[in-house]
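First the structure, then my questions, so here it is.
Chains here go by letter, A, B and C, matching the order in which they are written, and residues are numbered from 1 within each.
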């Protein structure tokens, strides 16, 4: 479980986030919605240790991980998947996945099997360079790389961005399935209704503040949120 | 000295409210005393040593200017010093020319070598120039030996100038006075520089070459000028070295001589006026004079001191001391600039019917712009037209190509195919700074505010940048605030005010066409409202044309006359705000694609 | 110019070029993982040569030669690793992100000052391991061939390391996308230190193997540094293939200049080449450089 209390953060002199409080429980998808520039990516980057919060605490399963460096976050079981299906383009698919693996070889083998089952295309293209994959396939690869690391908390930044429409359900479905392992998934999305279908609870971010939150079921029609986006 | 004449030619507007920093006077007094006191007491050794050290300080002051204002690394200043000295000595000693004539020869030689550094500076910067200058420092003594028929080779050249070496009083010679004078000129120059157009341009170029281009400045030219000025000052010191030492040989100017000046500036504190003085005294006097027996360890001491200083006091000796004093004095108070300052001081508010009728001329026209990076398509045949006197909103999800479009228009990105017209002229392929000079202004997502300049100077550089705006006579709407803002430090401004400052700068540039890149990012609700008013004021009262890239849709709906929506590098829709807002495709784009 | 002369220039030029290529590769390893150009590379290679002079027995057998080699290379590994700690340390807190320019330059000055304290300006002569080889009837020092072999060895080894070890993969990953690397949990600082260490291995082997033909003295390090950098500027910063191609070119051209105009003009020719390339093709002649943020 990820717990964020009174978080404030920004870049240098630019304040972005103000007084963020949120909880992402284990085994659930927690969705963060918000228009462009609302601070969603900044929120995830701050939680993953890329910039230090000026105020507030971040707890991962009871451990205080506020302000740790990104690699320490990973060691503490928190993993961020950046937006824009970022993989290492000049490494092969196999090498990209290998960078995620850690520890026990037999365990890893099991995870690999699972991932190839969900995304058979990755198995087919194991020795292709990641740069030769389509956007959607790169996103699958990024997910696979994080999956084999078995984080307790997974942060995903706009997985639908720049990938083919028909692949979006596959990818969100996979995140849903992932929570059954007890993983807390914090998902940032712009696409309201698609993402809502896969979420348990929702936070809406605007101008760096949380302006609305509640169970996904209550906000399911998405109209209220849409008005918040478009009309301010 | 002649530095001042260069200064005057570079600075088209008079230096306003010129006050020399007190550090300049302290430095000049300290140097003068270091030469004159032993001189008056008749101590030959100390007056000689301190005169030599003073010449080195001149070189270090120039090096300091290069490093701190121009942001350029040079490891080759010793070679420029050397070539000036050798040329002067050869003309005096081997060809019997008078000193003044030989001195001119030495200065020219120094400038020519400086030009060799300046030429690559037109194209590249930073450590590339570090390597170029280092190689010059390496090659120079080798060439002195190789070209022995001209230079006297390993034996060197003796050269005496009796008129300069005859004592006036004690062991004070005309040369001592010349050295003090040259040193004072160098220090005064460095003290004034940041308050001149040229100095501000150097600071802009070294902090942000893109911002420089957006202000109509060609970064390479400014870097080259900095190298040439440094070469001139260094050559003056090199010329004076000849009558002082009376002999010039190749062993004096090895690579470590050049590196010495660089390390002295770092140890003293880069950017600090007195840094070179302290640095040279520390690095030269300590090993050479106080530890005379240890002169073998000289190089080792240079290196070790520089390393320790960099690790323990990255700001150098003077920098560390002055920030300690500043910390003791306590922090400065917050400053603020008000939006009202910017446009309401004439007492009138904007009336809707004030608005000049736009004549419909097309100021920006992008046709079928295409650009890809490898597999990624940034622009896939996007076209955009912006009419004079309008605010044109450019919106779209992340990665839809808004920034690419902006960079295409301002010239920071070159297209694979397609054309760009500004003010009816085809500008495809034209450098950004040239487009700025046509009358195109822009702001950046992260405001480019220069903390080394005052708030007023940050506004002023807009006026100085845009080609035709260089005339000092043009009155500024903001002139009334000059006195108030002149001494204020922009680093104390909150973020929203930094954005505003950048927008005021563009306004001051008088550019009729302005590109704003997410100006509302990081602003509070009140600040956004104020910004909207300011944009409308720009359009209606100042007749500006604005292309507004912005995430805050509600702001765009309110101020834009026309809106273009981008999606994955192409234009999804374009038209009047009310049509765009009700376009289901556009709504889907921003909120989640239930209709897509 | 006769065929013999041409062969002489080519063989010796390629041998010298191998030194430049190796220095170029040691630049690349560090620059790719951290954006830092180690100004001490030339002097560090010379240091390995000085150590070879100090510790090689007068008539080394193969075993003695190998043991000394091992010790020197290990020393260089540790030394450059420590240099990495010193260089990376100020980057952590300081806003001055170019401190590396000064710290690496200072280390170069310190090392060459120490060499100078020991041997003055004199050149150190190191006996060759193998007898000279005859090429077109001209006796050519065997070290040139060993150097060419060493350059090939490191070119392949570094490539293998990047492909087949976890640290190597992480190093390439960090070079390709720093943020994604951090997000994947790669300990970036440690990887950058490894890079320094490996560059020490390359420099140590180069200085030792090349010792009989390298001009070893307190003042020659910077010349090699500049030739290695020029090789990279020609071939494209960050590319090892570029280092090999650029190094060979610089080696042959400067050897030609030395043959034609005298050895004293070797560095001048290299400088001319550097300035010309920066003026007209700053991205490198062969365009091998990947666009990267340095």
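One rule holds for everything that comes next: a contact is a pair of C-beta atoms (placed from the backbone, for glycine too) under 8 Å apart; a residue touches a chain by one contact, two chains touch by 3 or more.
Model, not experiment: these values are computed from the prediction.
Asks: Once you've mapped the touching chain pairs, tell me: line, ring, star, complete or other?
Replies: complete
Asks: Which chain is the middle one, judged by CA centres?
Replies: Checking distances from each chain centre to the full centroid gives B.
Asks: Mind checking the centre-to-centre distance between chain B and chain C? Centres are C-alpha means, answer in whole Å.
Replies: Distance between chain centres: 34 Å.
Asks: Between chain A and chain B, what distance separates the C-alpha centroids? Give it in angstrom.
Replies: Once rounded, the distance between the two centres reads 41 Å.
Asks: How many Å are there between the centre of chain A and the centre of chain C, using C-alpha atoms for each centre?
Replies: 43
Asks: Hey, what residues on chain A touch two or more of the other chains?
Replies: None at all.
Asks: Write out the stretch or stretches of chain A touching chain C in their complex.
Replies: 48-50, 69-71, 73-75, 79-82, 86-91, 95, 98-100, 102, 145-146, 149
Asks: Touching residues of chain A toward chain B in the complex: what are they?
Replies: Per the touch definition, chain A meets chain B at residues 10-11, 13-16, 35-37, 83-84, 131, 158, 161-162, 165, 190-195, 207, 222, 225-226, 229-232.
Asks: Name, in rising order, each residue of chain C that touches chain A in their complex.
Replies: 163, 166, 169-170, 172-173, 176-177, 179-188
Asks: Mind pulling up the chain B residues that touch chain A in the complex?
Replies: So the residues of chain B in touch with chain A come to 374-375, 397-399, 446, 494-495, 498, 518, 521-522, 524-525, 551-554, 568, 581, 587, 590-594, 596.
Asks: Hey, which residues of chain B end up touching chain C in the complex?
Replies: 73, 75, 116, 119-120, 122-124, 126-128, 130-132, 134-136, 138-139, 142-143, 145-146, 254-256, 259, 262-263, 266, 296-297, 299-300, 302-304, 306-307, 310-311, 314-315
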